[in-house]
Amino acid sequence: MDTVSSAARPQAPATGAPGLRLLATLLAVAALGAVPFVAPTMQLLVNLALAKGLAVMGVTVLLRAGQVSFGHALYFAVAAYGGAFLMAAMPGADLLLLLVAGVAGATLAGLLVGLFVVRYRGIFFGMLNLAFSMIFWSILEKFYHITGGADGIRLPRPTVLGMELGRGDFELVLFYLSIALMLGLGWFTIRWFASPMGQLFQTIKTNETRLEYLGVSPRRALLSGYLLSALLCGAGGVIMGVAQGVVTPEYAWWIRSGEMVFIAVLGGSGSVQGAFIGALIYEFVRTYASAFAGDVWQMLLGGFLLVIILFAPRGVIGIVEAIGRRTARSEDTR
Amino acid sequence: MNLTIFVLALFDGIAYAALVFIVALGLTLIFGVMRILNVAHGSLYAIGAYATVSLTGAFLAMGFAPVFAFPLMLVSAILVGVLLGGPIEWLLLRRIYDKPEVLQLLVTFAVFMILEDVQRLAWGSQPYFQAAALQALGNVTLFGVTYTVYQLILLPAVALTLLLGLRFFLRRTVIGKLILATTEDREAAQSIGIDADKVFLLTFIVGAALAGLGGALASPTTSILPGMGADMIVLSFAVVATAGLGQIEGAALTALLIGLGRSFAVYVWPETAVLVPYLIMVLVLLVRPEGLFGSPAARKI
Amino acid sequence: MKKLLVTSALCAALPMAASAAEKPEALKIGMTTFLTGPASVFGVPARDAAEILVEDINANGGINGVPVEITFIDEGAGAEALTSEYRRLVESGAAEVMFASISSGNCQTIAPLAEDLQVPNFMWDCGTQKIFEENDYSYVFRTQANAAPEMLAAVAYLLKTKPDFTTIAVVNQDYAWGRDSWDIFSTALKAMKPDVEVVGEFFPKFGAPDFSTEISRLQALRPDVILSTSWGGDLDTFVQQAAQRGLTNTSTFVLPLAESSLERLGSSLPAGHIVGARGDHYFLHPERRDDDDFKAFMEKYEAETGDVSVYPVFHAAQAFAALQAAYEKAIADNGVDWPSKEQLVAAMDGLEFQGLGRPVKIREDNQGVEDQLMGTSVQAGDYPFATLENIMIFDGDELTTPVGEVSIDWVGGLDASFLDGLKVDTFEN
Amino acid sequence: MSAPLLETRNLEIRFGGVIAANDVSLTIESGRNLAIIGPNGAGKTTFLNICTGWLKPTRGQVLFEGKDITPLPPRKIVRRGVARAFQIPQLFTEHTALENLLIAVAAREGLRNPVRDLHTIPERAEMMHLLEMVNCADVADRTVVELSEGQRKLVDIAVALALRPRLLLMDEPTSGVASSQKHRIMEILVEALAQAQVTSVFVEHDMGIVEKYADEVAVWNAGNVQLRGTPAEVLEHPDVIRDVIGEVA
């Protein structure tokens, strides 16, 4: 089962394009960084979008190996609930400890489930991930006395480097931590894709037989990428949980996993920048569509994705790059 | 776990399994032929339920007898199949057969999101309750427990008829053979003159109609409210994957397995009732990676 | 100095000691309710009532001349969307006072958030008693009762009208309200009737569309009494499916929140089942149904929605009555044109107000004290749905957990004699 | 004399009644390139699949350098020094020719650095040299889908060579290539094998190729080796002319 990311494979960039892309990325990051000052009311929304973008990056990693998981909200929820339980056990816990614990929990869950699901491909891989996330969802939903049941658990504000911050300062710290995570984990993922391990992982998409005949177990190669995807989803989960202040079983619901795949393809399947662009678009449409067009944000997004799939399979990032190349070309000819 | 409890769990399980099977049947048929896991199946199920409740309500208001609810169920199923199933395949899916599997899946996910809002715009968000068909058949008491004839007898009977009917249709009729041929090998089928496009359109309409029928049959047993599609479809995924993708007979057995599993869980350890179907799915796929009835595709080099 | 302030004419000239806020051109409030999902049958009536109440307030000059504007947030969109929308509304200045919420789960999430945002928040409908018992708030108030008096009234009415039952089962929604209300009900019942036997505990999912498996199980268990504190679409589905399979003939149902479903249940709810209303809320309230304000509102509500008022409507009316009374008290206490937030919050202590039932008082632990109405269903024929007979209204003060005590412990310490001492007014219908 | 490079003992495998390998005992000495000829469907490819662990025999053993490798999966056998090239080239279609080799060497070296770009690994020069050896240096940066059938064949072999195997099993290295190109490919191939001191076993139909490039020839028929010897001996043998060459000519 191959996927669209073949189309997203960066062709040999036209002259000047890598500079253009770097410039565009820097501009975008600068714009994001200015949000708390330029548009403070949007800070929470952008922060949630960044958290979702981190998780979507996890799904994008798997798309690069031609695999789609419909259950990665599992790691999103494991990390968020891990953070919530940690705060309940250690009330004064620090934000960074929460992040590390949540991500570690998600990666461990990724190992336990991964050892099982890496034996499968295609629809079975997708559905098995779904099954595990639904098992976790029903545990969260039904074991009320342990997990707080359907109402979820509160995730009170953690301390930052030992300091007890007020709400405004804390949210600013969280916002810039999210941007730092986007840059750090984004850079790592892009480099990892180009690294030997990342390249071996991506060969699962085109020829597992040859991979076996290179002396590499395809399952172990897939597991390496699977763990990274669980880690990224975990990071997103912790940030979302802390930003929201409450974690609910909804975090592990299958539609949230479907959303992540949706956003990955909308933004640009296989592209790290695409994951964040997709997440930002998704959150904006979800929040502001209902302001203009009543409660039809789902229909708008569904229609938007259909247009993308039918006419621009390389997603929004594909469109942006095409425009970038066209302006680059028109400059050359002038 | 005395005998009566065992029998009660059995009856509840069968009634629930019948419904789950009818919905999973359409999903399995579509996947078997078109290799597409139709996420929008859940919305078609819900719209089938809404349509039945509206039609039945209107007919009852005009003074028709409750027994009319049954033919109306078929009408809503056909409406869902033709008015929704047809355009989805013809306008959307037809354009992406060459595209990677994840995109086909996502197109149906996008359609699912669109139809969820269409439901809310058309029928609002408050719950509907229309049990005329169920009440028309009355109750039966077994072991001191009163069951509705509708749930205990009608639903399993319809499920069985659909299973045998579909098997007969696929194996004995010309169109059925065409569909089977296209399932085996689409290129080969086209090379001998089978119009695969027509077969796909027909298959999707039948599959969508089955989803609508599932919703129609479920409508008297439950209150119709937004989100019912999402709950049922995720369960159908479990049934279809456990059976082995595209295996119709397999879907019947796994629906029974999951229906009984869930119902026994309610009696033994209620908290796990929601968990059991997915646990069964994981355990089965652990033992048989291609699903109960799936056949492992030999990897040729 | 205090006496000087009292003479309002004089104080107008004096520079104000407390910092008075200047009169805004509108008092913007936000209200969370269920607009989608199964609970919308419960939340939508409350929204309709709120809109009518705002119209009425603005019709006669608003609050001290300031018109009220209201924005609704849909609780049906889930806890996350609710919290982010709640924050957006408060932080963007689109709401100075918040009414949140219906679901006890959402109340538990919103209360600390409101405290954090320092926005006055009326818990206008949620019932879990844990919020004020687990920590104390200065910006969060409850303008209605909580699970303790509501469950105690149900137990009292059950033991007074059907004292000789032996077995009971429960089917509550699996979330904060369902769990907490059962804890209090069962503790109180065991304390006052130690020989009772609980034969089955079921907690179906919030918003469950189908109860057939639970109903089969209940028919096998044959309990004398079945308690369900579910509400909205869940209660409707449960009762309709139970009636369909004859369970309502073999067991007596105790439904402390069923007043909100009477009209929708129509003929499904037969006679002889115990119905409550989480307070003295009933569209045929024996003491209030002939009062002019009551009749005027009932007619206006029915004209606009085509339905009779249900308890979420009464709770909305109480919240608005409390809002109006608080502002008027704050203005009077501080002799200002418009109170600051601190002044408003201070006025809440011991506030007395009256919605469409008997008067309600806010105690110093910010908990409202409200009398409780219980009755037995009867298909009297003058309405196409069940109405109530053998109505008892219990005094709220005696049933509400004393300030500072934990409900479960206090209720556990009661005994059968507690019933005899209760102040109860009984009405034929 | 050290153990033979590869030895099979009484190999047998059945596919639902059809015997693809019937009591095959064969030894391959290092440095002696062996060609396997025989009618289609005689089980030649199956033999290669058993030797590389893709298929498990119903009976018998496969030994590499004296050690039993029968139960091992292909990846473990490859790690011991056996490599495989395929009749249909098995390449990473979305990667470039050079990247296919770089990935092979990354697998060989077990490179773990998660942030170093594959293109910057020291073995890049070695891989470029390997591409030159197989005469594909000019298409190093073209993705596999853009390559011709012949180029893909050569890159497939180069990928196998990148693992520095001691034994290379090839399935019809020149099939699907224009006959004028066949000899050119074999020359490039034999040259590369000699430089890398790799012994090869290759299935072949073209007797001209066999005669020119094989040190030894084994005739495979009905699931077993019928005859073995130098190309001269085997190709004149009457049975071979009747059963095998008659069919080919």
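Per-chain numbering from 1; labels A, B, C and D assigned in written order.
As a convention for this text, a contact is a pair of C-beta atoms (placed from the backbone, for glycine too) under 8 Å apart; a residue touches a chain by one contact, two chains touch by 3 or more.
The model shown is predicted, which means the values in this text are computed figures rather than measured ones.
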Self-check item: Touching chain B and also chain C, the following chains
Solution: A
Practice problem: Please flag the chain sitting at the greatest distance from chain B, going by CA centroids. | Solution: D
Exercise. From the Cα centroids, identify the chain that ends up most central relative to all protein Cα atoms.
Key: A
Exercise. Could you find the two chains linked by the most C-beta contact pairs?
Key: A-B
Practice problem: Can you check how far apart chain B and chain D are, centre to centre, with Cα atoms defining each centre and the answer in Å? | Solution: 50
Quiz item: When the C-alpha atoms of chain A and chain D are each averaged to a single point, how far apart are the two points in Å?
Solution: 43
Self-check item: Gap in Å, rounded to a whole number, between the CA centres of chain D and chain C
Solution: 80
Quiz item: chain A to chain B: how many Å between their CA centres?
Solution: 32
Practice problem: List, in ascending order, every residue of chain B touching at least 2 other chains. | Solution: 120, 270, 273-274, 301
Quiz prompt | For chain C, residues that touch 2 or more chains besides their own | solution = 36, 203, 205
Practice problem: Two or more other chains in contact with one residue: find those residues in chain A. | Solution: 6, 141-142, 209, 295
Quiz prompt | chain A - residues contacting chain D, complex | solution = 6, 9, 12, 188, 191-192, 194-200, 202-203, 205-207, 209-217
Quiz prompt | Of all residues in chain B, those that touch chain C in their complex | solution = 4-5, 8, 11-12, 15-16, 120, 125-127, 129, 131, 134-135, 139, 143-148, 151, 221-228, 231, 263, 266-267, 270, 273-274
Quiz prompt | Of chain A, residues touching chain B in the complex | solution = 1-4, 6, 63, 68, 116, 119-120, 122-124, 126-128, 130-132, 134-135, 138-139, 141-143, 209, 254-255, 258, 261-262, 265, 269, 295-296, 298-299, 301-303, 305-306, 309-310, 313
Quiz item: Any idea which chain C residues touch chain A in the complex?
Solution: 36, 74, 78-80, 83-84, 87-88, 91-92, 103-106, 108-109, 112-113, 116-117, 174-176, 179, 203, 205-206
Quiz item: For chain B, which residues are in contact with chain A within the complex?
Solution: 31, 37, 39, 92, 95-96, 99-103, 105-107, 109-114, 116-118, 120-121, 230, 234, 237-238, 240-241, 245, 270-275, 278-279, 281-282, 285-286, 289-291, 299, 301
